[in-house]
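Sharing a structure with you now.
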Amino acid sequence: MKVKWSLFTLVAAIALLEFNAFSQQRARTPIAIPDIPGFKALKFDFHLHTVFSDGLVWPTVRVEEAWRDGLDGIAITDHLEYQPFKADVSTNHNRSFEIARRAGEDLDILVIKGSEITRDMPPGHLNGIFLKDSTALAVTSWRDALDATKKQDAFVFWNHPGWTAQSPDGTSKWYAEHTELLEKEILKGIEIVNGRDYYADAHQLALDHNLTLFANSDLHSPAHMDYPPGGDFRPVTIVFARERTAESVKEALLARRTAVYSGGRLMGAEELLRPIFQQSVEVLNPKVRLQGSGRRTVQIHNTSGVAFELEMRGSSDNVNAPRQVTLAPGKIVLFTISAKSGKEIPKGRFKLDYRVKNLICAPGQPLNVQLELEAI
Amino acid sequence: MKVKWSLFTLVAAIALLEFNAFSQQRARTPIAIPDIPGFKALKFDFHLHTVFSDGLVWPTVRVEEAWRDGLDGIAITDHLEYQPFKADVSTNHNRSFEIARRAGEDLDILVIKGSEITRDMPPGHLNGIFLKDSTALAVTSWRDALDATKKQDAFVFWNHPGWTAQSPDGTSKWYAEHTELLEKEILKGIEIVNGRDYYADAHQLALDHNLTLFANSDLHSPAHMDYPPGGDFRPVTIVFARERTAESVKEALLARRTAVYSGGRLMGAEELLRPIFQQSVEVLNPKVRLQGSGRRTVQIHNTSGVAFELEMRGSSDNVNAPRQVTLAPGKIVLFTISAKSGKEIPKGRFKLDYRVKNLICAPGQPLNVQLELEAI
Amino acid sequence: MKVKWSLFTLVAAIALLEFNAFSQQRARTPIAIPDIPGFKALKFDFHLHTVFSDGLVWPTVRVEEAWRDGLDGIAITDHLEYQPFKADVSTNHNRSFEIARRAGEDLDILVIKGSEITRDMPPGHLNGIFLKDSTALAVTSWRDALDATKKQDAFVFWNHPGWTAQSPDGTSKWYAEHTELLEKEILKGIEIVNGRDYYADAHQLALDHNLTLFANSDLHSPAHMDYPPGGDFRPVTIVFARERTAESVKEALLARRTAVYSGGRLMGAEELLRPIFQQSVEVLNPKVRLQGSGRRTVQIHNTSGVAFELEMRGSSDNVNAPRQVTLAPGKIVLFTISAKSGKEIPKGRFKLDYRVKNLICAPGQPLNVQLELEAI
Amino acid sequence: MKVKWSLFTLVAAIALLEFNAFSQQRARTPIAIPDIPGFKALKFDFHLHTVFSDGLVWPTVRVEEAWRDGLDGIAITDHLEYQPFKADVSTNHNRSFEIARRAGEDLDILVIKGSEITRDMPPGHLNGIFLKDSTALAVTSWRDALDATKKQDAFVFWNHPGWTAQSPDGTSKWYAEHTELLEKEILKGIEIVNGRDYYADAHQLALDHNLTLFANSDLHSPAHMDYPPGGDFRPVTIVFARERTAESVKEALLARRTAVYSGGRLMGAEELLRPIFQQSVEVLNPKVRLQGSGRRTVQIHNTSGVAFELEMRGSSDNVNAPRQVTLAPGKIVLFTISAKSGKEIPKGRFKLDYRVKNLICAPGQPLNVQLELEAI
């Protein structure tokens, strides 16, 4: 036969094509949330799907998306019980992790092994991460599945507790089964954000039961279809870890050192949010001449990617200052300060009291901050 | 057993979840390239991959992407010979079409059945579209595969003829095998654009051999990862069809009524490009007062989404007019017109000669246009 | 003297420079709010300042900005009583109009002669437009100034009635003096929007006293400093005029045929807002297959530049449809429609009731609309 | 008279209004070009116009624009000889500086006193900066005017030497008069960029005659009309000064420690450009596993605002690396590295040779850089 199709050449050619698949605009945009003293602020998404359950992308896509979005790591958590594509895609609960892990090595993305235990409420859907073998969880009884996570020393958190498909009134309802899982030291975390939904009552449950906070995307579609670059950003769990390793991430989760970042809001314990604000915001020229005609403006630089929304607390007796200011990301904003009519400001230091409306320590409880200035 | 996992409820719940998967920002952006007298300007991408060959998305994603991007239709053209995921994904060459077709019905996207015949050069990679059964093409000999397309009355075009993996010097080389396919009336079209690459020599081959022009994305990744909204747009084959039906599209392809849109350029026959320009561009106030102190500005409105790049041809003897103007999409731009120093412009109509640098009739041959004004 | 400075050459050279001052990106972006049956929807800003009072730009800038922003016309309304730059800029209350008018002729922008009568409350600040001689208004008594507007057959409206500098509690307070001006047929309009402020109580005053609605920018800075392209848009008064002439605009103001567009909201009489919605929104495929597995999606195209925010009124007995949808400008959005669980939808036409939250007929009273579909 | 207009209240009210004129979106965007060892990289625009010559804005606008655009300082350089608005604006050559200086104090913008000496060619237009009294320059003879700059110990540079109004063929022609000014130690700098024009031959003149490089906007319009935020950026002269003071800026100009930033290009001496690149670019993981299946990607972080355009010099014998890469501002980009077919890379350090196409040391002479990696 004269013309013969050479598989070898073909595969080489296609491999080149594949090599180019991601070539255009392959850039990573760091998430500008600073480290805090003692801890790195690692960014994670611990809830993702692929075609190995009901997601719409190949596992490597989740790694590439994470790299581009500035994440440090992900967990792919395909459903164990729900696989609508199983006529076409093999049933192997460990497979999406295996594929993603290799891609993660190349891009320096930490890929954590996970699975979603997908049950009726209670207990609803739970993610096990830091698993060793997902197949062991594919059993009939949810109790057996969760016991298997414990045997593997995994970390389990409750997904979307206020999801209307399982909780039609939208509340995050705590069942006896959750108490049972808590007491068995299986349930250790809770999503207070899933996709674009924030569950304030789940946030309160986390505080009541000492659960680690999570914000995850639960992406099924390609990430940049749901969260196009330039629009709102996918939710992120910020893990305050000693090192950028899987072990250190697990230690941080067990120690509940997480905050969540979603819809422009940072939520978490005050002792984690305050240093983020302090690392991010600097008053460039704190000295203001409040008498006479000199400079009356203060310039404040926000080096982070978070738009801090400041609102004055109470009102100063003597000083006019902006009641509402947004410290736009990466920008320097202007505060115009003046003495109130008929008041005199003594020379020396003084403070202005603000709350940061989108730094939230507990439901309804924003972070209070002070700006320190000096009258000259 | 007290706690029983109810598959029914679960699936219902997940179905709701899936239902929501695409819910956010689910909007279609029309491609503002106007119809021309007698024909609709339908927008197609005839070269796409899914996990059923080496693509990275589920077939429904290709339909959703097409809908959002303002396309009228697509062909999914998974490789017949190359399926790197076959350990995990079933080998069924008709399957990606079946899945996509159903999604297409819901979103009113025309899904054309296709496959990529993936061979060494010559003849290289060829897409068959309007196929009836892709499996019949999965044979050892490329001649047999292409004969099978003919039996199915399919339309065949040559993919990325200047692809460096098969043509290291980047030229689009025409082999005896292509002549053979042409003479057998199998090969009828050619990609002059694949992804972000334009092959000027393939464009010339198309003109020499009367082949239909194609510009396709050849997407493997999620579309919005490679072409983020707001950046450059995926390549599109514009099909000038009598109706918005698959049959009418096929008739137009056979009649070579296509133009290609890529990287801000429109390329195709003059008789197709000229009416696009004419439908898009209007001189709002063609009367200019070239004597005295009256209006000297002409406002030109471009209602299309194409940024027409005008460059003056030659130079007017009497009139100063802009040498280079971009008619930005959707905008009205200003031409300042004046009599040249020492010249007088007689009252009455006059014309300014421009070429449209990014409307390309043949390699190196832009469309010439005239702006008609009137001196008053 | 050998080297002599030639004024002639210099001025020619500079004139060329000036000619180029606006050369870059000199484009006009139409405001996509459609005409309605019988009337053109002309876009105006009737309240603007220049260096001839306390504005920061030369009058021609106001015309260029208006042209770029897609306006049909403006009024420059420099303060008669407040001219902080008078040590450097001549006091001539007609001058900014004269300069702007000539620029307006070149760019086809209607420039209406105006002045701001700038007094303590009551009556506060009032704009006279369609003036003949601004100098006649520069008198000590505000009553005399306003009588002068009447003699000139001008149109007078009340500026920023809720401005906190004159109304510290932010309410738009109606004084006896306003009644006096109303009864003398001097006061005929009111700003319900000034800059980024909407005064709901001024909107109610307009309805109570049959005043023409205005939304104006009151710009002092360069427009694109306060309203950068791509951000929120300057407020606009939409005048529904028979023709695009100053006379026709005046007739429309006297007939109270205006709506205001500000912050993404359109406010005005129902008979003006409803046709805008109708001209803008089209259901592309109103036929839905609510039985079986056919298409369940409806595509709705919004050709205007307004993002209509739809909210379902009540709830349909039989049909699931989106409760909240934003019809993004220029986009096609998807409505997924289905029969409610256990319900059957008879074939034939049916309607879905929505309110358009940002089309506001009166304070607290959005426009109600119906989408007409057909079950097949 | 019962109703009396209170000037006091009015002015107070208007002052509040003025106070608010700039209130919206009043934010400063730093220009992310780093300091270099020993010197601050101060950003200046030394060529600006106001209504006191033929500019279209009040002087305070130039300060506000500079602050928002991240500049450290400006010079306002109104024409001494050309004042088309003199019928309306007073002729006082020191006035625009006086007004701007006060605004500069409030916003911490260094305002340098300047004037444009506006003559036919030769010598053309020259800017004197660090002047003491502009009025002394308003004399008939250009020689007298320039001698006056010397008496004031000012710094003089030649504006837009390739401006087509004075040099119709677009070349920057050096006249005997320029030699005269050079020898008299009056002429010390030259604009190689004015607005959007780069004059390569003026760049060469600067190198030939030891002149300080300048890139200035020469703005007449509002800055954000000509350079809308998000588009291309106004040209900037980068002054490498020991401190952020006017004195230190002057010392740096005299020592020729400037670079220019325009149209995404940085131009200047190699010893200034190289440390900017070094301060900006970091190879995050320089160790690559070129044998076997380990990581083959290198991640490179560009913390500056400049998009460095790298192009490989020559070609490595053994290593495949990207031929063209743009290090996008603020992003991390991926280099895929591999051994060439049939080659082996010994373990240990190796370098890749690139040129940075948009860092330009002299006309046609880009900066050469090396990326240091290590094979493991």
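Note that the chains are named A, B, C and D in the order they appear, and that numbering of residues resets to 1 at the start of each chain.
Basically, contacts are C-beta pairs under 8 Å (C-beta built on N, C-alpha and C of every residue); 3 or more make two chains touch, one makes a residue touch a chain.
Predicted model only: the values in this text are computed from it and were never measured.
**Q** Averaging only over C-alpha atoms, locate the centres of subunit B and subunit C and give their separation in whole Å.
**A** Each chain reduced to its C-alpha mean, subunit B and subunit C end up 39 Å apart.
**Q** Please output the residue numbers of subunit B that touch at least 2 other chains, ranges allowed.
**A** Within subunit B, no residue contacts more than one other chain.
**Q** Which of line, ring, star, complete or other matches the graph of chains that touch?
**A** Shape of the chain contacts: a ring, since each chain touches exactly two and the loop closes.
**Q** Let me know each pair of chains that touch one another.
**A** A-B, A-D, B-C, C-D
**Q** Spell out the residues on subunit B that touch subunit C in their complex, using ranges where they run on.
**A** Those residues of subunit B that touch subunit C are 19, 26-30, 105-108, 285, 294-297, 299, 301, 328, 330-334, 336.
**Q** So in the complex, the part of subunit C that touches subunit D is made up of which residues?
**A** 1, 3, 5-7, 9-14, 16-18, 21-22, 24-25, 51-52, 54-58, 60-61, 64-65, 68, 79, 81-82, 84-85, 87-90, 92, 95, 118-120, 140-143, 163-166, 177, 195-196, 220-231
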